[in-house]
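Two complexes come next, and they have one chain in common, chain A, joined by chain B in the first and chain C in the second.
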Partner chain A sequence: MKEGLRQSMALLHTWTGLLLGWLLFAMFATGTSAYFQDEITRWMQPEITGSADPVASAEGAVRFLQRTAPDAVSWYISPPNSRSATTQVYWQPGDGKKPARRGETSAVLDQSGKEVSTRETRGGFFLYRFHFDLHYMPVIWARYLVGVAAMFMLVAILSGIITHKKIFTDFFMLRFGKGQRSWLDAHNVTAVIALPFHLMITFTGLVTLAVLYMPWGIAANYAQTSTYQEAVFGKTEEVARSGQPAPLAALGPVMQSASAHWGGKRVGYLRVTNPGDTTAMISVTRAPEGAIGSRGEEVTFNGVTGKPVGQSMAKGAALATESVMIGLHAGRFAEYGLRWLYFLSGLGGTIMVGSGLVLWTVKRRTKLPDPSRPHFGFRLVEKLNIATIAGFPAGIAAYFLANRLLPLDLAERADHEINSLFLTWLAVFVWALVRPSARAWPEMLGLVAVLFAAVPLVNAFTTARGLPASLLAGDWLFVSFDLVMLALAAGFAKGAHKATRKRVEAPRTTRRKPQEAMTA
Partner chain B sequence: MTHLFCTLLAIAAFAALALSMKRHQRDLAGRTLTARETSLARAGGWSLIAVILAVDVAVFGFGYALVAWAGQLTMGAWFNVAWLCWKTAPSRKGR
Partner chain C sequence: MAKSAANIGGNRRGIGRWNVAARIIAAIPANYLVTSLAAACLARLLAHGLSVNPAEASVTATLLSFAIFATIALFAFGLRSVTRLWLWLTVTAAICGGILWLSLSMGERL
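Up next, the complex of A and B:
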């Protein structure tokens, strides 16, 4: 009976892992990069240097908004935090018209409130959004697809734990050069060593969109979603303008007062409603780095006197639990040390998914009736593996390269950067289709290594912030980014080398066709 | 800095735990350990893991400490896997 359970779990593990494994690989890779989305954005906007003071920046933003949108319904101001140097503002126009483009009601400002001139890019934010919204498809479909994939992942992890016979005895086991056994080792070790992370990240990932996947709880208890929102988060009343102008309270004291209310925690963003009117209100929301669970902790001030008038309602147990889970997933609370640990754990998860995908083919190759002519399903998996495990990282490298190489005044530049990611991915897929798999593997892994290695080089030639310069200037963000690119290049180069050597060693495996061994 | 310190402790902790396992003793220590040494290594490893948690809680507070602890232990275990992998590599044995 026990063997029966283990076998059925192995079957479940194999197929839940495989079916959406390619999507999971891309989700893991982009999710991992999203821990450094602000830093990636800063790397992709090399024109912006230094740091900025949050209070001075917020006041600069007010001057900009008073010029640009004095009659707006509301302004949103995100002053720079510990990881950024610019202020993001957007506003809801007063005439009630929806803007044709996002760019018409938003701006990126420097500390003095001037619009910064930087290359058009979506930066790390795109990778973050791809993690759950994908691209070139309606967001809602993407989120359902991502949810199914995450559910499969959870099932694969749990069934994998049951399948894995010797979690503790094999804890440190990683033997290279032993074919299938090595792949199994790699898959087990990456899975087991970061198991708390994998379980946490998969489960909390599902929680982030749980209301979308399971709307019935709310539907059964509230007539409208808005009623639920009010019951849980409190009501935000819209007050009409009185029409009597009044100057806006200075934001500096308001921000200090809010920060003191949170025991010195930083301000995340400010919302000003009816600016320039006697009915003006300022809502200040705490930065998510303030605590693990963060969900709109807010203090409201009178917009003319600057006196506090209220704060967001206390969270119930369910909401507090949810916000801690989401906080754990996104890691916004983590300072740099913990952020690196998150990043490395995510990298391990990406390797786990990748090695699992490869293991599927490695296990079956020796059992094929004729290994030189595998059946369609086997070939499909093998090609998709190459296309994803080499292709997607190649796409990410291309995204960074495009950021440096596309002409600065190109129309729709940000979209072209994104397109270059997917075009590169597609190109690798096509290459995998037309080449024999045994050759496509080292070729494409080698290509990824070259692309990642090219990123710091191209950066050095196209900006004044190359690795030697940033080392001298102590610009650790740029130094780290370039070093991570080089480390990734080294990792993929090692992979390409191994994939080449495997073919050299091929004659030793008896079941291989001589013809395949000859290609070595 | 705490992360670095705790990760170093985690490396030591998992090295001790690996030493307490028969299959890794020859690779790590060059010989098989006595029963006493083995249980000492096991107890030492687990105690270190507890010490790391205590340090994290003292520095970061409970919630943050649990997350940091999981991350540091993961890195500590990884380091030992890599080290064992390098020590037992066929290229180092054969040639």
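Up next, the complex of A and C:
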């Protein structure tokens, strides 16, 4: 009976891992990169250097917004934090006007409140959003799809754990030679070493969009979701403007007062409603780096007098748990040491998914009736594996290269950067379809290595912030980015090398087999 | 793909295509229904039976629902008998649904 259980769990592990494995690979890869989304954005905006003072920046932002959107319903201001040097602002236009384009109600500012002149890019933020919103499709469908994939992942991990011992003793060790073992080793090592991370990240990932996936717990107690939201986040009533102008309170003292409220923790962002009116309010939210919980505390101030008028409720156990789970997933609280650990664990997860996908074909190849002519399902998995495991990283490298190579004044430049990612991915997919898989693997893995290696080179030629210059300047962000690119290039080059060697060995073993059969 | 899954299952354990189909239906749509009922039922019980703050009760149920879903999915393939599996699911759904119906008929939602 126990054997039966392990076998059915192995089956479950195999199929839940495979069916959405390609999507999971892309989710893991972009999710991993999102731990450094601010740093990626800074690399993709090489014109911006140095750091900025949050209070001066917030006051600069107010000057910008008073010029640009004095009659807005609300302003949102994210002053620079320890990882960024610019202020992000966006606003909700007054009298119900809907903005035609995203760019029309947002801006990136420097400390003095001037719009920064930098190349148009969506930077690391795009990779972060792709992680759960995907691209070229409605966000709501993407989020459902991503949720299904995450649940498959959770079941794959749990069934993998139940199967685990059996995998080691029975399935592989006895049946396979060394060539295939290395894939299994890659899968097991990355899975087992970071197992708590994989479990945590998958479960908390589901929790980040829990209300979308499982609304029934809330629906059981609340007839309307808005009632629940008001109970949790407090009422956000829109107060109509009085029409009597009044100057906005200075943000500096407001930010200091809020900060003092949280024992000196930094301000994350500010929301100003009805700016320039007697009904103005300023809500200040704690910076995410201040605590693990993602739902930062908020203090509200009168927008004219600058006096505090209220603060968000203390959370009960369940809401606090939810907040900490989401915070653990996003890792916004993490200092650089922990951030690197997050990154490496995510990289391990990406390799775990990728090697698991390859294992599916490795395990089945020897059992095929005619290995030279595999059936359609096998070929499909093999082609999708090449397209994803080589194609998606190639796309990410192309995204970075496009950032440096596209003309700076190109119209809709940010979109073209994103298109470069998907066109490269598509090109690798087509290549995988056209070429025999045994050749396409080393060729495409080699291509990824070349593309990643090209990133620091192109960076050095197109900006003044190449690796030698950043080393001399002690610009560790740029140094680290270039070194990670080189490390990825080395990893993929090693993969390409292994794939080539296997191809050379393959004909030899097939030649030897008939001889062995004859001597036997 | 489900077809080849059935084949592999068939080869190893002598279970057929219909067996696998019944388990997949149990593991995904039926599972979602049972988990939703369980989450809703738990949210009601906590809020009205144990007087937990309703927002807290709802969030507790929502957080637990993912663990419940994953557990049922594992049982859908772990239990030997498909009949027993569906029996369990039906009984659980009936109990949770019954409690939910009773609770909703006794007290309004907020």
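Convention: the second predicted complex is superposed on the first by the 493 of 520 C-alpha atoms of A that agree within 3 Å, B and C clash if a C-alpha of one lies under 4 Å from a C-alpha of the other, contacts with A are read in each partner's own complex, and residues count from 1 in each chain.
By definition in this document, a residue touches a chain if its C-beta (ideal position, glycine included) is under 8 Å from a C-beta of that chain, and two chains touch if they have at least 3 such contacts.
Every value quoted in this text rests on a predicted model; they were computed, and no experiment measured them.
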item: First (chain B), second (chain C), both or neither touched by A:231; value: second
item: Touched partner set for A:197, first chain B, second chain C, both or neither; value: first
item: Partner chain(s) touched by A:328 [first = chain B, second = chain C, both, neither]; value: first
item: First (chain B), second (chain C), both or neither touched by A:189; value: first
item: Between chain B and chain C, more extensive residue contact with chain A; value: C
item: Chain B versus chain C as contact partner of A:348, first or second or both or neither; value: first
item: Touching partner for A:76 - first (chain B), second (chain C), both, neither; value: neither
item: Partner chain in contact with A:337 - chain B first, chain C second, else both or neither; value: first
item: Set intersection of chain A contacts, chain C complex versus chain B complex; value: none
item: For the chain A and chain B complex, residues of the former touching the latter; value: 169, 171-172, 174-177, 189, 193-194, 196-197, 200, 292, 324, 328, 333-334, 337-338, 340-342, 344-345, 348
item: Residue ranges of chain A touching chain C (in the complex, touch as defined); value: 1, 4-5, 7-9, 11-12, 15, 18-19, 151, 154-155, 158-159, 162, 203, 206-207, 210-211, 213-214, 216-223, 227-228, 231-232, 316-319, 321-322, 325, 377
item: Touching residues (chain side chain B, partner chain A) in the complex; value: 1-4, 14, 17-18, 21, 23-24, 63-64, 67-68, 70-72, 74-75, 77-78, 80-82, 84-85, 88-90
item: Partner chain A, residues of chain C touching it in the complex; value: 1, 4-5, 8-9, 12-13, 35-37, 39-44, 47, 53-63, 65-67, 69-70, 73-74, 77-78, 80, 100, 104, 108-110
